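One chain, subunit A, links the two complexes that follow: it is found with subunit B in the first and with subunit C in the second.
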Partner chain A sequence: MNANEPGRRWHDMGGLGDDPAGAIDRESHDYALWEKRVDALMVLASSKGYFTVDGLRRVLEDMPREAFETQSYYERWVQSVTQNLMEAGVFTPGELGVKMEEVAARGETYGECSLGD
Partner chain B sequence: MPYQVGEAVRLLPLAPPGHVRTPWYLRGKIGVIERDLGETGDPEALAYGRTDAPPRRLYRVRFSMDAIWGAAAERPEDRLDAEIFDNWLEPADAPA
Partner chain C sequence: MPPHDHHDHDHHHEGMSPSGHPYRPDQDAPLSYFQRMEIAVRELLVEKGVTSEAEIAEQVAAMDARSPALGAAVVARAWTDPEFKARLLADGSAACAEMGVPVEAMKLIVVENTPETHNVVVCTLCSCYPRNLLGLPPDWYKQRAYRSRTVIEPRKVLAEFGLTLPEGTDVQVHDSTADMRYLVLPMRPAGTEDMDEAALAALVGRDAMIGVAVPTA
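After this line comes the complex of A and B, so read on.
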């Protein structure tokens, strides 16, 4: 946030000379299974009409700047997808909390098993 | 009435809170309509789940670096194209 431009939001950083973007990392990288699932969840949720890419971006851009600097791309996505699904009435925070407990109770190796190895 | 290709437009110098796709550094700047991209969903409404909002016309607007950065432009003759919705545009000859 630029102190001289109080209406300017942190994500709208084009042209800010005091915070240059730096070099672009052109290395390709693999995605973890959970990241692919987050991407698939976004496609599924939008195809069902629960929200659009604009809703996804809104929540990403409403996050504090620290989220952008400390979390990975899909860590931010999963939070935005979750927020949008709650706003669309797909589940409540309480229902999500119960489900998270249920999944955690399956044990730490549950996710590995689903990889098929 | 839609803007015509070649018409000079100014981006509105607005700073509302909420979800906006018009880059800050282009607000208030003057460019030229490069092409009419037709109507598409309005991100300012869709971002809040308003799927019944009417579509908006989207334009590709061409700016010179000179028009954006003034004397600070490193290469004033370079151009930048940005896609801007019609509710952020006014004719460049409108009173500023």
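After this line comes the complex of A and C, so read on.
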């Protein structure tokens, strides 16, 4: 089996014997608050019916190999949650852009820019 | 008087939040693009009335409260109560709900280790995991290496975790889906005949319930 076989995308990782993935890095990190919040937003938005787990996965699985190699797990998740919420009509790309500018203008760090405690 | 000026101290407020509390360590690094996105999306959801800061904080707290201790309590009950074990193997979700551990909107399948068969759990497509029973998954569970190799060379993967199985043991690998999660019911270690349920639960770690380790007395 090969990661480059037709129809197989990067997230589909089972059994890639001739494309060795190497040893498992057993080092784990504690989840940061912003990561837990991304998770919470996914759970809350999906439990309220704005999108489903399948919707979350569709966006993740459409991401290119580069996203899986360079971005962290919750970096991919926050993009998928955002995309799904825009598709559900909760906010527009324009509203998101304005809000992201507003957030960045508050300061340099996550703590300064995040209003929640 | 500002709310946090009542202490008689003279240190600078560098590294302190506007409310006078120190920032969590993960909050004092430069803001990343995706953190900015999280803050923006969260605030838009609150402004639109989809959720509230309080509800988000409660959800984070609920997530923090979940840990492998919940799964370990289920395993210890199964070791000490044969009728519960039968119900757990027949319908994992219902048996867990009976113990006050809700397994929301998904089917839990409990797979039992025996002297003949060892079970291990993976999610090759993403990171499906019984979070209600074990908390959030460890980083390695989501890694490409674990996800790609476990289904093709499970014995080698298990050996890297320090678990070398006898040649004759059949290894069964269970690949999770978004709607179906697996929990491994490990074998009760020898020499634990006198232990009560709480003491037994203390022997059961997260890795044993994924199947990359076995509990020892």
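The criterion applied here is as follows: the second predicted complex is superposed on the first by the 104 of 117 C-alpha atoms of A that agree within 3 Å, B and C clash if a C-alpha of one lies under 4 Å from a C-alpha of the other, contacts with A are read in each partner's own complex, and residues count from 1 in each chain.
Keep in mind that, in the parts below, contacts are C-beta pairs under 8 Å (C-beta built on N, C-alpha and C of every residue); 3 or more make two chains touch, one makes a residue touch a chain.
Worth saying up front: this structure is predicted, and the values here are computed from it rather than measured.
Chemist: If you stack the two complexes on chain A, which partner ends up touching A:Gly15: first (subunit B), second (subunit C), both, or neither?
Modeler: both
Chemist: Does the superposition put A:Glu5 against subunit B (first), subunit C (second), both, or neither?
Modeler: A:Glu5: touches subunit B, not subunit C.
Chemist: Considering only touches as defined above, state whether A:Val43 meets subunit B (first), subunit C (second), both or neither.
Modeler: Only subunit C is touched by A:Val43; subunit B is not.
Chemist: In the three-chain superposition, say which chain, subunit B or subunit C, touches more residues of subunit A.
Modeler: Partner with more touched residues of subunit A: C.
Chemist: So in the superposed three-chain picture, is A:Phe51 touching just subunit B, just subunit C, both, or none of them (first/second/both/neither)?
Modeler: Touch status of A:Phe51: first partner only.
Chemist: Which partner chains sit in contact with A:Glu87 here, subunit B, subunit C, both or neither? Use first/second/both/neither.
Modeler: A:Glu87 contacts subunit B only, not subunit C.
Chemist: Could you list which residues of subunit A make contact with subunit B in one structure and with subunit C in the other?
Modeler: Of subunit A, residues 12, 14-15, 54, 57, 61 contact subunit B in one complex and subunit C in the other.
Chemist: Would you mind writing out the residues of subunit A in touch with subunit C in their complex?
Modeler: Touching subunit C from subunit A are residues 11-17, 19-29, 31-34, 36-41, 43-45, 48, 50, 53-54, 57, 60-61, 68, 71, 73-75, 78-79, 81-82, 85, 90-91, 95-96, 99-100, 102-104, 107-117.
Chemist: Note which residues of subunit C are touching subunit A in the complex, please.
Modeler: 17, 19, 21, 23-24, 26-32, 34-45, 48, 50-51, 53, 55-57, 59-60, 63-64, 122, 124-127, 136, 138-140, 142-149, 151-153, 157, 160-161, 175, 178-179
Chemist: Can you name the residues of subunit B that touch subunit A in the complex?
Modeler: Within the complex, subunit B contacts subunit A at residues 15-17, 19-20, 23-25, 41, 43, 46-49, 51, 68-69.
Chemist: Once bound in the complex, which stretches of subunit A touch subunit B?
Modeler: Where subunit A meets subunit B, its residues are 5, 7-9, 12, 14-15, 49, 51-52, 54-55, 57-58, 61, 87-88.
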